[in-house]
Amino acid sequence: MSNPARLPLLSVQDLRVAYPAREGGMTEVVRGVSFTLGRERLGIVGESGSGKSQTGRAIVGLTAPGGVVSAAQLRFGDVDLLRCAPEQRQALRGGRIAMVLQDPKYSLNPVMAIGAQIAETLQAHQPCRAAQARRQVLEALAAVGIEDPARVMKLYPHEVSGGMGQRAMIAMMLIASPELLIADEPTSALDVTVQLQVLGILDRLVAERGMGLIFISHDLRLVSSFCDRVLVMYAGRVVEEIAATELHRAQHPYTQGLLNCLPQLGASRHPLPTLDRKPEWAL
Amino acid sequence: MNTQPAPLRQVSQAASSWRAWLMSDRPQSRRQAALGRWYAGWRSFAANRLALVGLGIVGALVLVALLAPLLSPYAPTVGELGQRLLPPSGSHWLGTDDQGRDILSRLIHGSRITLFVVVLVAVLAAPIGLLVGTASGYAGGWVDAVLMRITDIFLAFPRLILALAFVAALGPGIENAVIAIAITSWPPYARIARAETLTIRQADYISAVKLLGASPLRIVLRHVMPLCVPSVIVRVTLDMAGIILTAAGLGFLGLGAQPPMPEWGAMIAAGRAYVLDQWWVAAAPGAAIFIVSLGFNLLGDGLRDALDPKASQ
Amino acid sequence: MQASARFALVIVVTYLGLLAVTFFIGRVIPVDPALAVVGDRAPEHVLQRVREEMGLNLPLPQQFVRYVGRALQGDFGNSVLTSNPVWDDIRKTFPATLELATCGIIIGAGFGVPLGVWAAVRRGGLADHAVRVMALVGYSVPIFWLGLMALVLFYAKLGWVAGPGRIDVAYEFSVQRVTGIMLLDTAMAGEWDAFRSALSHLVLPAALLGYFSLAYISRMTRSFMLNELAQEYIVAARAKGLSETRIIWRHALRNALVPLVTVIALSYAGLLEGSVLTETVFAWPGLGLYITHSLQNADMNAVLGGTIVVGTVFIGLNLLSDALYRVLDPRTRDTRRGTGS
Amino acid sequence: MNPLAFTRRALARAAAAALTAGLAAFVLPAVAATPKDTVVVALAFDDIISLDPAEAFEISAGELMGNAYDRLIRYDVNDPSKLLPDLAKGWKVSDDGKTYSFELKPGLKFASGNPLTAEDVVFSLQRAVLLDKTPAFILTQFGLSKVNVKDKVKQTGPLTLTMETDKPYAPTLVYNCLTANVASIVDKKLLMSKEAVKDGVGDMGYAWLKTNFAGSGPMKIREWRANEIVALERNDNYWGTKAKPARVIYRHIKESATQRLLLQKGDADIARNLTPQDLDALAADNNIQTTATPKGTVYYFSLNQKNPTLAKPEVREAFKWLVDYDAIGKTLIKNIGVVHQNFLPVGLLGASKDNPYKLDVARARALLAKAGVGNGFKVTIDMRTVQPVQGITEAMQQTFKQAGIELEILPGDGKQTLTKYRARTHDIYIGSWGADYWDPHTNADTFARNPNNADDAKSKPLAWRNAWDIPELTRQADAAALERDGAKRARMYQELQAEFRKNSPFVMIYQQTEVAAYRKNLTGLKIGPTSDSTYLFNVSKQ
């Protein structure tokens, strides 16, 4: 729980995201999500289509064209994200709120050298000389644990491994030292060994810089091991909010379902537990 | 566009339930899936007003072509020199040409020729392209090399020149013009088909079919070609305007259509001598060509946006 | 190394193909080439003599061998119609087409790309439809008709531009032709009046050709841009807080350029074939007109020369676009500098 | 590379292009009015293939030859039946009518500065025969050949020469032939200096002269750029009154409409290939005047006698009743031709003016019925896709239909239809024939002579091309060529034409009138009856 003395970093009340349906009308993919966030690690868990990513994007302001975002309240620190001008929204993005996307293979511009892409973020928020920018980029790359930043800087995305790509991505998003980082499945595209390294880096940086983190994932175990607090989403709603340490006490059958699906060492794997979904949960 | 399959009538109560059926994301049968896909395509196509305009124009062309004898006020090839080059008037809505023939009637009958040319060229060129493309794409190796060389040679050859040459060689007559245009316009389709095939070839289900021991021929014809068809169709529709213009160009250069055939290009060619004073003689067929090819373009454009995920989305 | 060898082979084959096709055409056209030389009134014995001189009495295979043999030695003979060596003719006509096509493509790409981008960004909006219609109109108008109309309006009625031909008669002989490209020659000679005259002769046909390639280029730009704008890295770029302008021009278009260069190169090649119709309407002594006229008179030497030039241009531009492709897309450069971690 | 910069560049170029376009649009005036000393002619001259008078035989080339080369004698443009001295001061024919002798004016010079003597004249005539290009027959028909020309054409003094013919031809015929281009006088010294020798045989400068000039006429040919431009320049060494314009420039403009635009804008002083409609329109423009002259060119269509149906005399006549001469004359060929139903164009000796035929479907039907094809038949016609030929053909297609004759039109380019015509594989051919020189024999020779109708005949006149076997007419034509009494000769041609009108498989349609439209500030423009007698050097410009 965040310290009530300080006003929360982010407070979301009854957030809704709707898209026009093929069949006329609108379909809501996020249906009244509410939570507040301090400088802590919040995990959002759910199957694909549960609306967790949409929640994240709505906060950053990257809801795809056509989508309609509404909320009782959506404020970031002292800024009312619902009412502020697009320019301000843009200034926030990457500056104070950053977002790490799932797969570096697609989320990095294939025809731009990595260094240039990182520098770009910096330039967009705190204009500075090329030399200055270069230095900061090198630092940023070093910060995400890349041994020879000078070389990597000049590389193109297709020339680096997924792990390194994702680190570059993180560097790119953190270089303007934001206060809130939204990580949307940041590791699910990477192979397991690399996942941990990247998470480690993420963990360290968030801690060092005292950022708020929203960690979006389908992997409950990962989230629970990594976050302070967990939102479990189903069909666009938050079905349960629970501290990571309390997970085993989860009330909601869906959460329990998710938990049961996690294989436990020693326990027999037969019959394989399956996740059952009840329509009434979605109500 | 009728999306209701006959055998399943009893299912249908209201159109809405139909829509639901068509758009269900858990289709029960292959047919339902296919129809659903078409329906979705149609919806995104219909969402594009310009495309509908195009469809309308093309439809109108077909209609006019069918009803030509009923619609045209005069005979298209009979005129009287005394009546030549009359400006548009009540009796001759679009005026008369240098032979004193009613231009409107000629335009109306000309629509048949235009349609004939467009359809025939498409029917001739597209399959050739498909066959060559898929064959070389699937076979690879020297077959690919040879076929693609040939394609390149045709591409490298100035197109109108080639068409001219063939028309000259085959002799006058619209059919020959069609053949000539077809011969010169298949290479692009081959290229497209080949590109598609190269990607399709890798697909698992192709290897599956292979494992089942299907002959290459069968694979190409049954499994590869059908998948290339949409993109080729789109390309063809987009090219139809080009075809019309090429035909017109040939007619303009005095090849292709034989007088007194009311071929639009030939009509422009004839009207060219009067373009400064009796402007309508050339303007009318010019406008006709313009409208029709615009129609085909809008249609093709819409089709592409609807069928080709790359361009739309 | 080995790749370049294969490439050389490809080129050779293509050329041989061009030769074969041209020869074939020359023989299937029901025109007696000798007749083109001697004309209608020629007594029979003159016609026969010329037929022999042209080797038209030899069996076809033998003719083809002769033909290829001479072509391979770079000897394309004289044009029947102009009595000049074919190369001289091409040295005169090709620059005319080159000048026209180049200005055409500059206009076409210079306006087409931005318009395409605009349309893509405003997808489904008014701008999109406007550009679409404008482009499709470009696809759909018979150029010879539009050309004549443009002449009537801008030359005859308004007098804004000069008429058909490449330069006013007054300057026809004052400027000596080095490159054959009027704008260059006049500029190099410092004859600015002549330059203006050449320019004002060029504007109309160039604008027309430009418009026609613009139509194609803007459409392709649009669809490439739509494709790029849907990519994940655009989302990332937005997440970085970049301005839309930067995202569109620097990220999306920069990627769209990769396929776009090919499109532009190809439509340039198309223009360089020489637009027979435009050249007729504007009395522009270019390659298209030359080839067509030669073809109609079965002047196959000339046709072959022209075809080879067009073919070369086509191949050359393909190479160029491949090269540009490599420059623009790092993924196609086979430098594996990367490391894993 | 910096992508942003790249696109900027693209934009910059766009802007630049737009700017220049705008500039050209507004800053540049339409640069009208050609230089005072230069006459600019808009003409379609894509027919020129050679500048060598011994070879050049095309209409446009003819005009250049007429302006740039001298002959021994010319005919009077205002009265073609009169002969005028050109290089020759005097000429006479021997009593046996077989030896012609000429005396040159003294002190003649070529444009090159070389003196012009009888040696050059002899060389020129011999050269034409020896090269034996297409127009050579105009000289060889008098019995000159590669073998004998060296003794038949002889220099008899520095300024005198003689030419022998094999038969006593009508002198007018011989003289008229010597006014033709092929008898132009070329610069021996210059040509021999350019001679190319291939395996021991010199070409007498042929290869060089194809694209160059070696004459003595009022104008020099400065440059010929095929399908673009021909430039003539005043010849300051000319023996006679110097040419009025310093420069005559022909611009190749194919479209009549375009020619008209150029003329009205003042970018051309003379437009030469205008359609009737454009001429009508120009009549309203008071900066423009027109001049017209009946040419030696007749338009006709002919029935191939190898086709059994077309070979029937009744059918032949029927076709002559199935052309709406009247309507065609009033519309399609208005201003550019007059209906004429004889093979001799008006203006030539003995040309008949009788035009008995008119559109009479009933009569034609009767004739066809008589021939046993009363219920019609299908037949093809080979046609060049040029106006007014195409218009006329389409008009005929309609009138033929009224008599049940289905006419299928096979359009084609000139050379194509011609190839077929010369192979006698056509049904009907529509085309034109222009006099090669100003004498009735030129047309009689081709329309009414067919010495040998076999497929491998040596000469293939129009009569042969339509397989029209006419020994009797051929004899008459030959006799007419030898008749030395002008009046008698005229009568003989009258008879030939009468017979031809009745029975020939040729349906003569009209005689061409060439019209030139020119700007008011020009004077002295006159279209000559033959292609080589339109003298631009007489044109002056205020």
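Every chain is named by a letter (A, B, C and D) in the order it is written, and numbering of its residues begins at 1.
One rule holds for everything that comes next: contacts are C-beta pairs under 8 Å (C-beta built on N, C-alpha and C of every residue); 3 or more make two chains touch, one makes a residue touch a chain.
Since the structure is predicted, the reported quantities are computational estimates derived from the model, not experimental observations.
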| item | value |
| --- | --- |
| Taking each chain's C-alpha mean as its centre, the one farthest from subunit A | D |
| Chain nearest the global centroid, as defined over all protein CA atoms shown | C |
| Which two chains share the largest set of C-beta contact pairs | C-D |
| Separation of mean Cα positions, subunit D and subunit C [Å, integer] | 37 |
| Centre distance in Å when subunit A and subunit C are each reduced to the mean of their C-alpha atoms | 52 |
| Cα-centroid distance, subunit A relative to subunit D, in whole angstrom | 88 |
| Distance from subunit C to subunit B - Cα centre to Cα centre, in angstrom | 25 |
| Residues of subunit C whose C-beta touches two or more other chains | 29-31, 148, 152, 254, 296, 328 |
| Shared interface positions of subunit B, touching two or more other chains | 168, 171, 272, 275-276 |
| Residue list for subunit D, restricted to those that touch at least two other chains | 3, 255, 257, 261, 413, 416 |
| Touching residues (chain side subunit C, partner subunit B) in the complex | 10, 13-14, 17-18, 21, 25, 28-31, 129, 132-133, 136-137, 139-145, 148-149, 152, 219, 223, 226-227, 230, 273-274, 276-277, 288, 291-292, 295-296, 303, 306-307, 310-311, 314-315 |
| Subunit B residues touching subunit D - in the complex, by the definition given at the top | 77-79, 81-82, 84-85, 98-99, 168, 171-172, 254-255, 258-260, 269-270, 272-278 |
| Residue ranges of subunit A touching subunit C (in the complex, touch as defined) | 60, 62, 90-95, 98-99, 101-103, 106-112, 120-121, 124-125, 146, 151, 155-156, 158-161, 163-164, 167, 169, 172-173, 176, 194, 197 |
| Residues of subunit B that touch subunit C when the two form their complex | 50, 149-150, 152-153, 155-162, 164-166, 168-169, 171, 241-242, 245, 248-249, 252-253, 265, 268, 272, 275-276, 282-283, 286, 289-291, 293-294, 297-298, 301, 304, 310-313 |
| Residue ranges of subunit D in contact with subunit C within the complex | 1, 3-4, 6-7, 10-11, 13-18, 20-21, 23-32, 34-35, 38, 40, 46, 49-51, 57-58, 132-137, 210-211, 222-223, 225-229, 231, 249, 251-255, 257-258, 261-262, 264-265, 267, 413, 415-416, 418-420, 422, 436, 457-460 |
